[in-house]
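Here chain A shows up in two complexes: once beside chain B, once beside chain C.
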Partner chain A sequence: MNILKKICKTIVNILLVLIFVTPFYWMFLTAFKTISQTIQMPPLFYVLDPQWSNFSQVFEKIPLLHMFKNSVLISAGILLCQAITVIPAAYAFARYKFAGSKVLFGLTLITMMIPSQLIFLPVYLLLSKLGLINTYASMILPSACSAFAIFMLRQTFMQIPEELVEAARLDKASELKIMLKIMLPIARPTVTTLALLTFISSWNDYFWPLVLTTNDTVRTLPLGISMLKAVDGAVMPYHIIMAGNVLLVIPIIIAFICAQKQIIQAFTYVGEK
Partner chain B sequence: MAAIKFEKLTKAYDHNAPVIQNLDLEIEEGSFTVLLGASGCGKSTLLRIVAGLEEKTAGTVYIGGEDMENVEPGDRHISMVFQNYALYPTMTVYDNIDFGLKNMKVPVDERKRRIADVAEAVGLSDFLDRKPKNLSGGQRQRVALARAIAKEPQLFLMDEPLSNLDAKLRAQIRTDLIELYRKLNTTFVYVTHDQIEALSMGTTIILLRGGEVQHMGSPTEIYERPANIYTAKFIGSPPMNVFDVAHLTSAPQVLGAKHIGFRPEKIFLDKSAVQDGDLTLHGDILARELLGDQILYKVKINPVTIVNIKTFNEQPLDYGHIEFYIKAQHLSFFDDRERRIDWGGINEI
Partner chain C sequence: MKSKIRPYLMIAPAMIILGVFVIYPIIYMNYLSFFSWNMMGSMKFVGFDNFKTLISNKDFHQVLGNTFKFVFWTVGLSVILGLCAALYLKANTKINAFLQGAIFVPHIVSLVSISFIWMWLMDSQYGLLNYWLGLIGIDPIRWLEDPNVAMTSIIIISVWKSIGYNTLILVAAMQGVPEYLYQAASLDKSPKVTTFFKITLPMISPSLFFLVLMNLIAAFKIFEPVYIITNGGPLNSTNTLVNMIYEEGFVFYKIGYASSIGVVLMLILSVCTVLYFHMLSRRVHYR
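Moving on to the complex of A and B:
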């Protein structure tokens, strides 16, 4: 009975891993194929002569390094802005009862329900009137705060026993010190997870950069990848698109590996007595 | 001078009825004062008001003669030990102790010296690099104490610091605390619902009920001369036997007495020791508990009255009808408002 259970469990696990790994494998595989191999039927599940030239073609077709730099700067800017706005907001919502705190928190949550398709026009108009189109500011400001992150971090802060704050107050710590030295280190798993999620979504974001740019000055990698679709002949250059995608996801994979331990903690954290 | 003084202190949570109303109270400098009471009596609230963690509704609080209005908790020169220790989980033991000192801007050398001294004193020298989660309950308790001591406060506040420990450790830390108090010579204010802790450690006990002081006095006084029936029944295990004087025919006549009381351990069973004026009672044993060094009996002396008896180092009695005696000086009397009547009985000891 036990062995049967183990076997079933292993099979399910293998299936799950396959479901998640296969698209990645396909992407890496295609990035090394020739154009004729990409459309071959039945498809090839391996390549014997990897086409490294696909990657150099990516560099030829789009200003990849420039876009990479844009992506890095914009993602980092968004992370920084969110750290400045989200942490104090979450701390205040978790710790203080002030007039209107519930209403304000409700309003914050409501913003999560507004689809970005609804507000991109007003945001575009606002930024263009401010003369910010095609600047880094226009790419960072719309994501400078996150209701979801405030909500998540507030929940974590609320789980921390009140006595810790009181002990710190008796230890003559200022509010800022309590937030940064006591609360934030305890909430680190949550903060890391939120940072990673924010990084992935801003790194992969296609919609806002598409809407808010009119030239390549501040365009990011996902826009570059879609430019690779420009067809020379009759066939879509899948091998080059996939080579671009590989370059796009490598930073994310690195970030994920670095933060892995913290993320697991964030979902298992139960506080400490 | 009073270490702490409350004047007309009132505390109400939101719009509920006040938990403390118009309380006037002084806690003596250098005393080990225990705030004792059942849960919800306002003892923790009182402590938290002293610490500045709770806003009072009205009245004045003085610490060391100074009005504490608008004085931040960190500026009150107090240390507090919490029930769950409230150690900073991401910091090592060393940093836990150091955090407060750093904020108080104690010079680096002084900080190092104090932490080394205090770690030595509570036996934590080998654990300074550990995080709280890698310590046992007793060790965490010691860190909490070390953190409090290192600040060299003028006032120690402790909010049920032993209630998370097992019985053996509790007894051990109790004696440690007595030693600590004697060594530091500072004012301690200690909140507990445990009368053993109160009687064993306190120099002054304040018994609270519904935010009012029931009795304030030394452990001996509160045990031997309880100010009212509530105190008499709160202190002692089992509590004092108290019942209506009308149920007895042989009791001494005391003017205004409505209730009579005596402690279970003051009852004796040896008839030859009986003297004139001692109270003699008899009844049937309902239950007998053998507890090693002591024996507890539950005796029914009339249809409405049960008496608890506690004897030490004696042969257990068989179930049946027994006679027992109480010395006149061990009797307490209470009036119709349940307050103690001083009739001089105990002075004869």
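Moving on to the complex of A and C:
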């Protein structure tokens, strides 16, 4: 009975690995195949002569380094802007009672339920009226604040004991000093978690770059990779698409392997609130 | 005096960004839905005409049906399978941690990559899936070209991507259930199924509620896989609301018409959110 149970468990485990790991293995493998190997039947499950030239072809087809730079700059810009908008707002909502604070906080929560896929048209019209299409500002501004982050950080700030702040006030510490030197260090796990989540989502984002750009000036990596789809012949160049995919996925997978615990904790932490 | 304006100054940057890039656009979208406009010429007020066209448009009926079908199956399957996986993986062992990680990875990988990987796996001629089906004697399936199958394929891809996140949240919720409840149950010799329905399920239900709402909103805004893999086809069979907004807005430049579809999506999302908070408050009330 016990042995049977163990065998069943092993089979289920193997199935899970097959279902969730094979697609990524297939991506890596295809990235190193020649085009004739990709359409070979039965398919090859290993490659003896890896085609590194697939990767150089990616560089030829899209301005990869430029897009990589854009991805880094835009992700960093979004992180910086969110730090500036989110931290003081969360602090104010947690620590001050002021006229209209409930209404404004409620409004902030409502924006959490409005996905970008709902409002992209008016946002595009607004940014084009401001003449910001194809600028870094247009890529950063729509994500420059996160209602969700304000909500999470406010929760954390509210859990910090009032006595700590009172003590600091008695020492005549300025409010700015209290926020930066006392509250923020205590809230650091939450801040790192939120930064991690923001970085992952802005690095992966395909939607805003797609709707807000008309040329390559500020286009990011995910959009570039999707442009590899353009077919030359009758067959989709899957070996090149997958090579591009590998370049897009590798930073995320390496980050996940190195910081699996933190990343899993970050996502769980958010779900539990 | 200074301390009175301080909180307003602190929330100002956040409020300005949210106001300009979320609140204003949603109001502007509602306004635009009453106009006919191609982005270049002048705007013409048309009253409810956009909505009337929408209601009589057969394609829109299909898109609405597609979206609901997608949402129902994706949310249902990914929450139920996530629950199964969480029950299976909840014990704190090394193998389970590895498996949890493995099924979670798709959640943090870009939708662009996911879409291309599955497009390749589901290729009707050279795809790995059809090769494996062939080994067990099943005829090749035209995963993405058959109008009767394509939506199922998109659902499979989306479920595959979102199971890991649901599992993660539910495992955390299950590990948070106090051990003494289970000990009491085992003292009473209660069968495993009863323990699940009487202890585990009620204890994790707040997380479950939250997950369903998050999955619902995520499913209604489905766009990337549809746009990249099938672009709504074949025969409109995978077209969804957001893809239709994109098409009408950015391909045909019917801004007013596209906005009216946006208004419909907004109403659907509002109903989901209101229902969620209603159920949440009732639960808290009667407990």
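The rule we apply is simple: the second predicted complex is superposed on the first by the 213 of 273 C-alpha atoms of A that agree within 3 Å, B and C clash if a C-alpha of one lies under 4 Å from a C-alpha of the other, contacts with A are read in each partner's own complex, and residues count from 1 in each chain.
Convention: contacts are C-beta pairs under 8 Å (C-beta built on N, C-alpha and C of every residue); 3 or more make two chains touch, one makes a residue touch a chain.
Computed from a prediction, not measured in an experiment: that's the story for all the values here.
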What is the contact status of A:80 with respect to chain B (first) and chain C (second): first, second, both, or neither? neither
Tell me the contact category for A:168 with respect to chain B and chain C: first, second, both or neither. first
Would you mind checking which one, chain B or chain C, touches more residues on chain A? C
Quick one: is A:177 in contact with chain B, with chain C, with both, or with neither? Answer first, second, both or neither. first
May I ask you to decide whether A:185 touches chain B, chain C, both, or neither, giving the answer as first, second, both or neither? first
Between chain B (first) and chain C (second), which, if any, makes contact with A:253: first, second, both or neither? second
Shared contact residues on chain A for chain B and chain C? 272
Footprint of chain B on chain A - complex, ascending: 161, 163-164, 166-173, 177, 181-182, 185-186, 188, 272-273
Chain C residues within the chain A interface of the complex: 4, 6-8, 10-11, 13-15, 17-18, 20-26, 28-29, 32, 39, 85, 88, 95, 99-113, 116-121, 123, 125-126, 128, 131, 160, 164-165, 168-169, 172-173, 176, 207, 210-211, 217, 221, 223-224, 227-228, 242, 245-246, 249-250, 255, 258-259, 262, 265-266, 269-270, 273
What residues of chain B sit close enough to touch chain A in their complex? 51-53, 72-75, 78-80, 82-84, 86-91, 99-100, 103-104, 132-133, 151
Residues of chain A touching chain C in the complex: 12-13, 16-17, 19-24, 26-27, 30, 38-39, 41-43, 81, 84-86, 88-89, 91-93, 96, 98, 101, 104, 107-108, 111, 113-115, 117-123, 125-126, 141-142, 144-145, 147, 150, 175, 200, 203-204, 206-207, 210-211, 222-223, 225-226, 229, 236, 238, 241-242, 245, 248-249, 252-253, 256, 260, 263-264, 267-268, 271-272
